[in-house]
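In what follows, structures are represented as structure tokens.
Two complexes follow with subunit A in common, the first pairing it with subunit B and the second with subunit C.
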Partner chain A sequence: MKRRLNSKNPASLIIGLVVLAILAIAILGAPLLAPYDPVAQNAAERLEKPSEKHWLGTDRFGRDILSRTLHGGQTTLLSSLLALCAALAIGLLVGMAAGMFHGSALDHILMRIIDVLLAFPFMVFAMVIAGLFGTGLVHLLLAVVSVWWVSFARLTRSVVLHAKNETSYAAAKVLGASNLAIMRKELLPKAISPVLILATFELGTLILSIAALSFLGLGAQPPAPEWGSMLADGRAHFFQAPHILIGPAAFIVATVLAFNLIGEGLRDRLDPYEKLEL
Partner chain B sequence: MRKLWSVVLLGLSLAVAGCSGGNSNTGNGSPASSSPAGSATQSEASPSPQASGAEPQELVVIGQEINASLDPVKPLTSSYLRNIGAGEALFKVNAGGEVEPSLAESATEVDPTTWEIKLRPEVRFWSGKAVNADAVIASLERSKSLDLQAQPFLNDLTITKLDDYTLQVRTNREHLPVPLNLSYYQTIIHNDEASHEDVATMDLTGMYKVTEFAPKQKMVLAINEDYWGRKPTIPTVVFEEISDEQTRVLSALSGRSHVTLNVPVSSLTQFKDNKEVYLSAAPAASTQTIYLNLSQPQLQDVRVRQALSWGADRDELVILAAEGQSTPVTTWLGSNPAYAAAKNAVYSQFDADKAAGLLDEAGWLKESDGIRYKDGKPLTVRLMTWGGDKALGEALQSQWTRIGVKAEVQHGDYSLIETARESGDWDASIEAWSTFGEEYAVLSGQYSSDGGANYGGYKDEETSRLLEELKKAGDPQSRHDLALQINERVAQQAPVISLFPRPQVTAVSGSLQGFEEHFRQFENVVNANLTLTAQ
Partner chain C sequence: MHTVLLRKLLEALLTLFFATLIIFALIRLAPGDPVRLMLGHPGEIAAQGTSAYDEKVAELRAELGLDRNIAVQYVTWLGRLAQGDLGTSIFTGKQVGSEIAARLPATVTLSLSALLVQIALGLIFGMVAALRSGKLADQLIRVACVALASTPAFVVGLVALALFAVKYGVYEISSDFSAARLWLPALTLGVLGAPQLVRIMRANLLTEFGKIYVSSAQSRGLDRKRVVRHAARNALIPLVTMVALSFAGLIGGAVVIESIFSWPGIGKYALDSILVKDYPVIQGYALVAVLMVVLIHFLVDVVYSALDPRIHHKGEAGREEKA
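Up next is the complex of A and B:
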């Protein structure tokens, strides 16, 4: 058995990073780049087609779609990143604990909770949260995080179980290291790479889910621009002004694609099992 | 090509709607028929409802909302039951606005405070029980005691039995139009001894009997074979809720439904050049109104309420939220053609400066962030919207923000508004009540301190005094003048902000004959003249 440097084509990673960089510049620079106030209404310019003045046209309130799309990206992307970080932290913590104390009551309880959450439809869960606490981005994120940590926890647990068979773990035990120290110094570094790869893929799905829930009216509330809610608002004018949907739809596709390409690239480079050649 | 798009989008929209769990039919399925409620693929294959050539069996009516209950005394339930031909009142108002007998045979004004109403001896409830004087009195008493919204029409009436099929109605004031009061959907006649919790036990009089019911999803009805009047010819009626407006539009365009209520004005262009569906846009005498919660500290000051009204650019709202399909009204009665003088009263034109002045005067001063503050607290208004009013909420939010109000819009199901009202945790909400009817009944329902639609707790001595005068007034001219005075007083006090008559657009399949355009379409769809033809 020998290790070799990954020889797969890094194109997907590069393309993903380039697309993401362009999107990030556009979205984070929205306050400077957006030509208009994203919430300013102008009845005289409603439903205008793309033009020199409004590159992506205007919506039913006469708001500039390009400006709303760029600002909306901040809402969608930042909320997705925030939710991902929270889910990642919870997932790592739970997965490490379950893996470390494999076979214990704690492990059984945590795994059953995970089973239940995996069996519950995410959309329904989000709606229950919205029904209980009301609509809005904060509640939407709460719903997302409540469910999204599960996949990270399962992956972390399996990595930990695998790592516990390694000699370094046995050595640490023999040397009398505490459980906390073993988790921090021995297991966490091993779990980080696969979990980060998963996170990159999950971010794409998360963006889609947050957009879908906002599409259903559970996320950002008016007049805040958000890609999903922009798509929902544009539906009513689809036949009259299909351009309304182009901006948010294109940005969603590009962002998810970018994260998926980055995820693929990272997996090729970082996944230890991908690097092994028998 | 357009049809194909419609079908594809309908499928996608239904999938989205399915995610919300709002429209999936969990019932036992509708009776077998050449159903228009088939799949998208079926619709694609057969471009119009029931185009298979077989005898059309099923009328499909789609509404933005349907009932959550079968009991006529529950809020709005009676309107849906009437709409679909299951419930009837003693009288009804025809499309021309005239009151005509329904379960009653005739009504005679014996003297200024007494009416005699003759009932039809042939009328029976679905159970077979006679609809006689005792049954009618018991039904109306039940509505009066359990349905707040029925009270404005019944509180002034004392109904007694003269004989088995004759009622005497004594009124608290002279020349009260009793037949009009007894035509409202809130007064539909139901068997008070029956349990209205279940399809099997509910007992009404309509031409159609409910056979299946999934709350807020679907109601299936079959012909009442013992109906007292002219029996309908279409064997089955299906009444479904599709809350998503674009899905409703696609349902109409794809031929899935025969009658589609509450077509959003933003979709009118989609029906252009469509030869299989036509639009009915009867003017509705109901005013889009913002109800303000007067128990909220910031809204207790009349100047703030007036500022919100001056700060609403109604012309712009009509364009942004009603696609230009309405005209601004500044007072509540303005949507009623009989009160055209009220259309532009009090708030003659949009005046942001006046609004700003009033807010300054009230101590709400603008700070650097553009929002007004008083004692360190921002001037906030949380506006709750439902149904198709999201755009209206957003447009208002923008307009109020311009005068320094931190406006938030919360859009959701009507039940959220009801819950918020019960808890008192709301600032403003949008609704449209009919302005058609007997002056005292409609105005007291909105503006008397115990009015069923006085959501914000408006209590004003001058308004109450004028309402008392109206209650006693006999001749039509003085009633008309008093109604205008009350309307103006209310506008000045601004417990509500009137915007424009709500557009009422219904899509009707070309395969349906006998559809009657009505100014209260939402409660007048099914009639015995309806027939379906295969296209």
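Up next is the complex of A and C:
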């Protein structure tokens, strides 16, 4: 029944992939595609509205916003991706260990750590890190990694617990395979696809959270051409020149939307995830 | 039942205990001497290097017990926390505890109002989407939800402010905590959180519609409205957790909205303190936020075991299923 209801989903997967591909080409090809130098200032063209010359207008130093957004996307997207991969790796490891040794002291300790981290809302944790260690993109990403692995660990653990009920697991055990071999050959392949689907959704949320913190002034600091610092900069001039903020914000929406659509499309293709919804 | 709740209570206390450990460790790991940090950031203090400054450093070090070993320090700190002493703000010299307490009503009012908006939107649109599943209304709601979930909160907030405060002039820009200023941030925050509840309400209802009791009621020719009402009631129970978690998220996540609308809550207070490096305030904010989250999670467990008698017996097993 669910399958039929979601019959429109191949569309969302395709739209998501197309949007992502266009964005990726635009951002990775920034050095070739960007019409202007992202850091070149031009006092004569300050705070200009979008026009034929500057598609997304200019900022308070007369820099071309489209060029800055395209170049800035590299830093933003690569750093988010890096942080996500780190969180994913930690989450997979912890989740597999906890699931494999379910009920052991190790499992209890890991689950307790997860409970504690779940009690820290991400924004609060990131604010504490920024407050104590200073603002900046690196600290923001560290905060992301320290908290974000938890959702992957929980999902991996529940996948592993389900997989342990299957006959192939029992067979591997009976044949005397080592725990490490079972984890690598039996459990990891089962965990990887639901975790990757979760990761597509989480990447969207992650980019939104980083954007929000940058907007509050806790992320990358101006004058770096990075989406977050452009947002912080645009905030100060929003009512005077809303287009400074709208440029990078539109790219953020497009990116997050692409990942959300891909996530939706993928999720419905994979049955196990439906049963293991977080 | 009591043993389950007692264990939940112990778990909550344990979580709180570990949370204080993490916060304490973070403060100690922060670059620089905590005493100098508390007196103000190096380089921003003109008096640094003078004998009066050194004297003050030594005095504060002794006062905070920082010349003693780290375990003793932690226990002393914990003891102060237990008495509700969160220290004093570097910037204003006021008690952090009372400053936060003064701002808490603003944050809680905003979060609760936003939660009500979220629940109303979630129930209405979730129900419509489930009843019209696969049809145009469902598709439209779905598109709206995905679009909204992909839009940063500050964009929605700023656009709302630009429209209602600047263009139509129906919203007053100030930093007061008043009922007249509540509606716009509450609506914004509520609308932003709604997609999640819409999706879950829709999914829960569809699951209930697929159950045997619904088809048997339908086959016996029961009124459609009555059947839907029964299914809706069952679909609501799992929503309790979602709503509570969403509330916990709002307490911490309202920062952006508080900042945009100059809503004088704890999030804005913490944010202003970060920019001036007011360490005791940041620490106090983290502790209060974690305390509230743990409290809400515990209350969910209590409500759950009151709602669903199976949990009394299952305990850990029920938990596995949720995970």
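Please note the rule applied: the second predicted complex is superposed on the first by the 262 of 278 C-alpha atoms of A that agree within 3 Å, B and C clash if a C-alpha of one lies under 4 Å from a C-alpha of the other, contacts with A are read in each partner's own complex, and residues count from 1 in each chain.
The criterion applied here is as follows: a contact is a pair of C-beta atoms (placed from the backbone, for glycine too) under 8 Å apart; a residue touches a chain by one contact, two chains touch by 3 or more.
None of these values were measured; they are calculated from a predicted model.
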Joint occupancy of subunit A by subunit B and subunit C, clash or fit: clash
Broader residue contact with subunit A after superposition on the shared chain, subunit B or subunit C: C
Partner chain(s) touched by A:46 [first = subunit B, second = subunit C, both, neither]: first
Partner chain(s) touched by A:60 [first = subunit B, second = subunit C, both, neither]: first
Which superposed partner A:163 touches (first subunit B, second subunit C, both, neither): neither
Touching partner for A:87 - first (subunit B), second (subunit C), both, neither: neither
Which of subunit B and subunit C A:222 touches, first, second, both or neither: first
Touching partner for A:123 - first (subunit B), second (subunit C), both, neither: both
Contacts of A:240 with subunit B and subunit C, given as first, second, both or neither: first
Which superposed partner A:137 touches (first subunit B, second subunit C, both, neither): neither
First, second, both or neither for A:145, with subunit B first and subunit C second: neither
Clashing subunit C stretch [against subunit B; choices 164-172, 200-208, 218-226 or 308-316]: 164-172
On subunit A, the residue positions that both subunit B and subunit C contact, one per complex: 123-124, 127, 134-135, 212, 215-217, 235, 238-239
Touching residues (chain side subunit A, partner subunit B) in the complex: 39-41, 43, 46, 60-62, 123-124, 127, 134-135, 212, 215-217, 221-223, 235-240
Interfacial residue positions of subunit C with respect to subunit A in the complex: 11, 14-16, 18-19, 22-23, 26-27, 29-31, 133-134, 139, 146-147, 149-155, 158, 162, 166, 206, 210, 248-249, 251-253, 255-256, 259, 270-271, 273-275, 277, 279, 282-283, 285-286, 289-290, 293-294, 297, 320, 323
Parts of subunit A lying in touch with subunit C, wherever the complex brings them together: 1-2, 4-5, 7-8, 12, 112-113, 115-116, 119-125, 127-135, 154, 157-158, 161, 204, 208, 211-212, 215-218, 231, 235, 238-239, 242, 245, 249, 252-253, 256-257, 260-261, 264
Residue ranges of subunit B touching subunit A (in the complex, touch as defined): 2, 5, 9, 13, 16, 19-21, 245-246, 264, 266-267, 269-270, 316, 319-320, 390-391, 393-395, 397-398, 408-412, 416
